[in-house]
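Each of the next two complexes has subunit A plus one more chain, namely subunit B in the first and subunit C in the second.
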Partner chain A sequence: MKLTFPALVAAAVMAAGPVLADLVVPNLSYRTGPYGANGTQYADGFNDYFTLLNERDGGIGGQIVQVPECETAYNTEKGVECYEATKDTGALIYNPLSTGITYQLIPKVAVDKKVLYTPGYGRTSAKNGRVFEWVFNAPANYWDGASVAVKYLLDQNEGSLEGKTIALVYHNSAYGKEPIRTLQELGEKHGFSLTELPVEAPGQEQKSQWLQIRREQPDYVIMYGWGVMNQVAIQEAANIRFPMENFIGIWWAGSEIDVQPAGAAADGYKSLTFNGVGMDYPLYDDLQTHVIDPGKASQGGQHVGSAVYSRGMYAAVVIAEAIRTAQEMAGTAEITPEQLRDGFENLSITPERLEEIGLPDFGPEIAMSCENHGGSGMARLQQWDATAGQWTLITEFTEPDQEVLSALIEEDSAAYAAEAGITPRDC
Partner chain B sequence: MDQFVFAAEVVLNGLMTGVMYALVALGFVLIFKASGVFNYAQGVLALFAAMTLVSIQNGQVPFAHLINAALGTQIHHFGWTVPAALAIALTALVMVGLAFLIEKLVLQHLVGQEPIILFMATIGLAYFLEGLGDVMWGADIKTLDVGLPQGISDGIEAATAQWFGYGFFIDRLDLWATLIAVLLVAALVAFAQYTKQGRAMRAVADDHQAALSVGISLRFIWVMVWSIAGFVALVAGIMWGTKSGVQFSLSLIALKALPVLMLGGFTSIPGAIVGGLIIGVGEKLFEFTIGPMVGGATETWFAYVLALIFLVFRPQGLFGERIIERV
Partner chain C sequence: MIYREAGDFKTSYRADGQTFPIRLDRWGYYAVLAVAFGIIPFVINDYWANAVLVPFLIYAIAALGLNILTGYAGQVSLGTGGFMAVGAYAVYKLMTSFPDVSILIHILLAGGITAGVGVLFGLPSLRIKGFYLAVATLAAQFFLVWLFNKVPWFYNYSASGQITAPTREVLGFAVTGPATSAPAKYLVCLVLAFLLAWVARNLTRGSIGRKWMAIRDMDIAAEIIGVDPLRAKLSAFAVSSFFIGIAGALLFAVYLGAAEVGEAFGINKSFLVLFMIIIGGLGSIFGSFAGAAFMVLLPVLLKNVLVGNLGWPTDLAAHIELMIVGALIVTFLIVEPHGLARLWRLTKEKLRLWPFPH
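Now for the complex of A and B:
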């Protein structure tokens, strides 16, 4: 038999690709490049939870979950290439951990009918399911984060921020600019003034921004950073002796690797989070038995329990629960992306369910619908204890100011719908 | 008055930042001067050197992931820590070894090729070293502590508060970087002027063929220059890595050196320093005065604009060799 080259390629792709009956959840990860240290930990947590389900439970509903990885290096073009290369392998859902890649994939997933899940990142107004049918961003988005931070500061100031100044130090990118409008609106509502301080990526040099902070002495600094920008900002804040307890990062500026380079000087730094911290959860016993001990953990399990690992694992938990819901609704274990979308729109993760999973109080309660793809938006604060070398949760889950945010989401999603020619669905 | 005092603080900090840029630019200059090669991998050399230093300090096992994957073991550390001075010396040796390998495996095979070919080879080298560093030492961010102090200088703050009524911020790490840069430049100049090897290096820089005709070994000079550039990269890696932790982004500090080189000239050690100072002060002052009117984040692009303005008047850079071609 004579085999042609295309036939050989097709055979190789079929042999290397996932078995079509499996549940395919591509992991568009980045383990290289300037953000590789963060991306590696997230990808490890994401992989390990699905490995646990496969090893302990035989997958979800009896279907093994395949998690093929594709390296994006946090590069938008590579991310799109990864999407194109994997979308016909039976892929159900994508979670690229990049706002830039997300913006490129939003129109594509609507055409290809794939689910895009962007927990804590991506396009904030995707919360409006009437416009963004295929995109979900629960449990919280960038605007939720800004609002929860302001609510925390209100609590710290007996309910008033009148006359206070907040400086926003942000990554000068689509991601970093996300909270500006929200903070401006909240500033008008609560009487604080906002100073915007962009930092050019990657953020290795921030002297100008921190000299300005030292001159103007804002009461608080909120940071939307990622990668090296976080480490440098925390070090510069320590250098100018800015009080760390008045410095709050978004959840992407709240990992161990963000604070450790500054050593003891980072003590007291705060950040938002929507997932639990540490390893004091029953799930980790199962992870140890079924994944780490048998040597099946991603990267040898060296990042298990870190903040970013936990966030990657939490994303996998939500996806797994949505798959489970979809299977129950469809009456079959072999679901399609459309059925997974329905699963997400009917997803309910209660505190009781989190306890059953082995992660009590690990995340906020999630209840989604056709209209609401973003959940409650609840987040909490954690604080770095440099002596113990760990994060400590310092607040309960707090709901953001929906009065302000709902109007902004409606406005932004309506603008996108007009621009993309989308007629909002009836929900 | 306030604005004047603030501007003075910005200028001082700009000078200090400029020194940090110059430390990176120096490595480029050394290699370009001696071999005419623009070493695209200089930023990655700084990353590789810093990763090696911190890993030696912490007693990390090289290629631990590969070893563990192949043998099913779980070794990551030797269980010892190495004093900073010894670790720096060992890293310098590693950089000499790397220079030898680069000459042996890359440059030797490209003798007589066009500069663009050598430039392309250094691009390949950069990507290879990035990957090698990851495989050898892992992609995690590593905290680097060689005992350099960080944070505001209380003495300067108190003195300026007394003189101007406003205490200036000067980072102690930047003061150390300035001192080290001065010593480094003095040592490099002394080496080039007063040692046999230094004179040989200058001879090669002036004319390869003439240097070869009097018995100077081009291969030895290349190994020596890449070793020195590796050591300069180590110093730059220590300074930048102390602030941010050692991570991939260190390789991107090369981008900060490019406008410095354009401005100071690719062949002048003093040019790298002066260029660094001008870029540092220029970008910080521009951000201070014009930045707030245009939304900030002007430093990256303004450094290049400033370099381009200088290029219009002096294409070879402030201290570069004048290009004379007879037709």
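Now for the complex of A and C:
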């Protein structure tokens, strides 16, 4: 047994290597497991945008983009396996859509010299490009999200949250714990008190947390959830008749599949987002002609236009723009990961450029630099309209409280640099 | 005809009591060692190390540990994931608190700390058995995971509760951290797996192992013939947890590099290791390796065949893979309830008679 397995695996690996050349952007997706419903939509959006570029423009700068997919099931061990399996195939960039896998890859990409792009997730302090040379998390990170949510609440309360209570319902993992420190700091600054309510993964069991919310009656609930946890939380909130308009989810808790199970009771639920929603963008016409109609859409195009699909597509848009920038800077279409990193550091996505792409006002303006790998951190709020069955954008892009955040990012990235023995670069 | 005892004369008790009494077995064993130590380190690449061999060796150590407790001493445990977490967090705290001490010493110390925790959670085994003990160890699993999530001291107050292994070297070669080369990773795990398997084999055929087996087979009878159940059971917990702690330390420090307790050491891990020893064979050293190979390598193999060679969509392949692995487990257990080790033993017995069975 012991001898035959490796031999067979060897045979399989030998035969499995993808063709070299082209631009390789592996998609470490998850379409199975407790987060599969969300992961599928994200992966579809990610794949479809690159398919569109290949079909319509012949790739980026004349180079076809290959998107080999590898299933991680949101599991870190499988994530490592996928990374190792794809890294020698000319891969330029990784976007694993999992904070756990991101933490694993952050040290590895610095050694293997691959770009890691974690839009809206991953390690927040990776925004500090002086410490995290290979990691980018524009347009917004978890702390930006927490701050934008608090800012919105300040607006709702005439600028003061004095004496209010906010409950944080979070996925008890690296992902959910990220905003705690920020919210504590913001609580001190604005005088609200924070109740932390961890939910064990995957999050099907939340009775006790919502019982506590019912007993303590916090003014607002902020949720950092993902996958099945969101559906259960929204259902539980409906069960205890918590006012939905006081319930704000992070962008990962803001997709159609999260609110639909609760039906009409979910009406008014709010969530953050850093990308536009709905299909009211010119790009979708091209997508229809070049990808969906010829039957080339990922998984048949059943999720086109959903919130998570749009987010996956937005990640692909940013990566494609960075590749284009890198190609212009390097003067060659066949770029290396180093050149792509430079492309990211000089990336600028203006509202005009978004309009050219066919996605006007779809995302915030992004301008990155050597020290800023996280962009502006702007996000906006959307609200669920249960009767129409769609999300409505209710605010403009809002800037987070950089004063509080930049100090925290400085502190956390310095701690990482000390732990990992990194000397921050000069920028 | 070739595989037989005949002609292989033993002239001392020592030779008679050796682990591999048949010459061909011995040669096979030496050949495996020669390949593992002499050839693989020179040809291994990152994919082979990180996706195949390192997890296989680490899970083999964990399976050895659980096999000592469950297979040899008969104490069912569902706390393996929790004990692995103890090893991982112990090695993390030691690595970050005493950066100058060798990582190998830290790994062994992490095993020692886990042994202590294992003895503590093994105390209920003196009063309860079987399913009841399984539930008590299940409590250990949940308690330990909760503890490492709850107390920030264990993860050095990091914002996300993740622990990340810093770079540590052995003889000038990095064995933890991102810059670790594939051969270094592999060799550290291989040396520990080899040593621990050797220790396990010799413990289990010596007087301690006989006491464990006596307790397993019938504890009252064992007590009557003079086996002290307190010492036998607690020593089984200690040795088993030592192995599992080392496996946890390696899993975190050498293999994953970063870990999060709920995800890396959850209840699934306890079941995974338990399945390994059930499929591999309870009370068998070879079975621990075979079970680990089955559970670690088969999914990777199936994935490579289905996605890489046949070009199936990844989600379909992932689902089919679960079904195939599940079906194989059920089939194996129906055909041979005593696991792969028993299958191997039967094959060897048949080989001895081949080609002239009675």
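By our rule, the second predicted complex is superposed on the first by the 408 of 427 C-alpha atoms of A that agree within 3 Å, B and C clash if a C-alpha of one lies under 4 Å from a C-alpha of the other, contacts with A are read in each partner's own complex, and residues count from 1 in each chain.
By definition in this document, contacts are C-beta pairs under 8 Å (C-beta built on N, C-alpha and C of every residue); 3 or more make two chains touch, one makes a residue touch a chain.
Small disclaimer: the values here were computed from a predicted structure and weren't measured.
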Original post:
After lining up the shared chain so the two structures overlap, which partner does A:Thr76 touch, if you call subunit B first and subunit C second: first, second, both or neither?
Top reply: second
Original post:
Looking at the overlay, does A:Gly295 come into contact with subunit B only (first), subunit C only (second), both, or neither?
Top reply: first
Original post:
Touching A:Thr32 in the superposition: subunit B (first), subunit C (second), both, neither?
Top reply: both
Original post:
So, does A:Ala265 touch the first partner subunit B, the second partner subunit C, both, or neither?
Top reply: first
Original post:
Counting only touches as set out at the top, which of subunit B and subunit C does A:Asp412 meet: first, second, both, neither?
Top reply: second
Subject >> First, second, both or neither for A:Asn172, with subunit B first and subunit C second >> reply: both
Original post:
With the two structures laid over each other on chain A, which partner does A:Ile257 touch: subunit B (first), subunit C (second), both, or neither?
Top reply: first
**OP:** Report the partner of subunit A that touches more of its residues: subunit B or subunit C.
**Re:** C
**OP:** With the two complexes superposed on chain A, say which partner A:Glu200 touches: subunit B (first), subunit C (second), both, or neither.
**Re:** both
Original post:
First (subunit B), second (subunit C), both or neither: which does A:Gly61 touch?
Top reply: neither
**OP:** State which residues of subunit A lie in both footprints, the one left by subunit B and the one left by subunit C.
**Re:** 31-32, 36, 40, 172, 198, 200, 299
**OP:** Using the touch rule from the top, collect the residues of subunit C that touch subunit A in their complex.
**Re:** 32, 45-47, 50-53, 55, 96, 149, 156, 158-162, 164, 166-167, 177-179, 255-260, 262-264, 266, 289-290, 293-294, 297-298, 300-301, 303-305, 307-309, 313-315, 317-319, 322, 340, 344
**OP:** Would you tell me which residues of subunit A are touching subunit B in their complex?
**Re:** 31-34, 36-37, 40, 172, 196-200, 202-205, 207-209, 211, 214-215, 227-228, 231-232, 235, 238-241, 257, 260-261, 263, 265, 295, 299-300, 302
Original post:
What part of subunit B is in contact with subunit A in the complex they form?
Top reply: 6, 9-10, 13, 17, 65, 68-69, 72, 74, 76, 130-131, 134, 139-141, 143-145, 150-152, 169, 171, 240, 243-245, 247-250, 252-253, 256, 284, 287-288, 291, 295-297, 299-300
Subject >> subunit C-touching residues of subunit A, taken from the complex the two chains share >> reply: 1-3, 5-6, 8-9, 12-13, 15-16, 29, 31-32, 36, 40, 69-71, 73, 75-77, 80-81, 84-85, 87-88, 99-100, 103-104, 106-108, 110-111, 123-125, 172-175, 177-178, 180-181, 198, 200-201, 299, 412, 415, 419-421
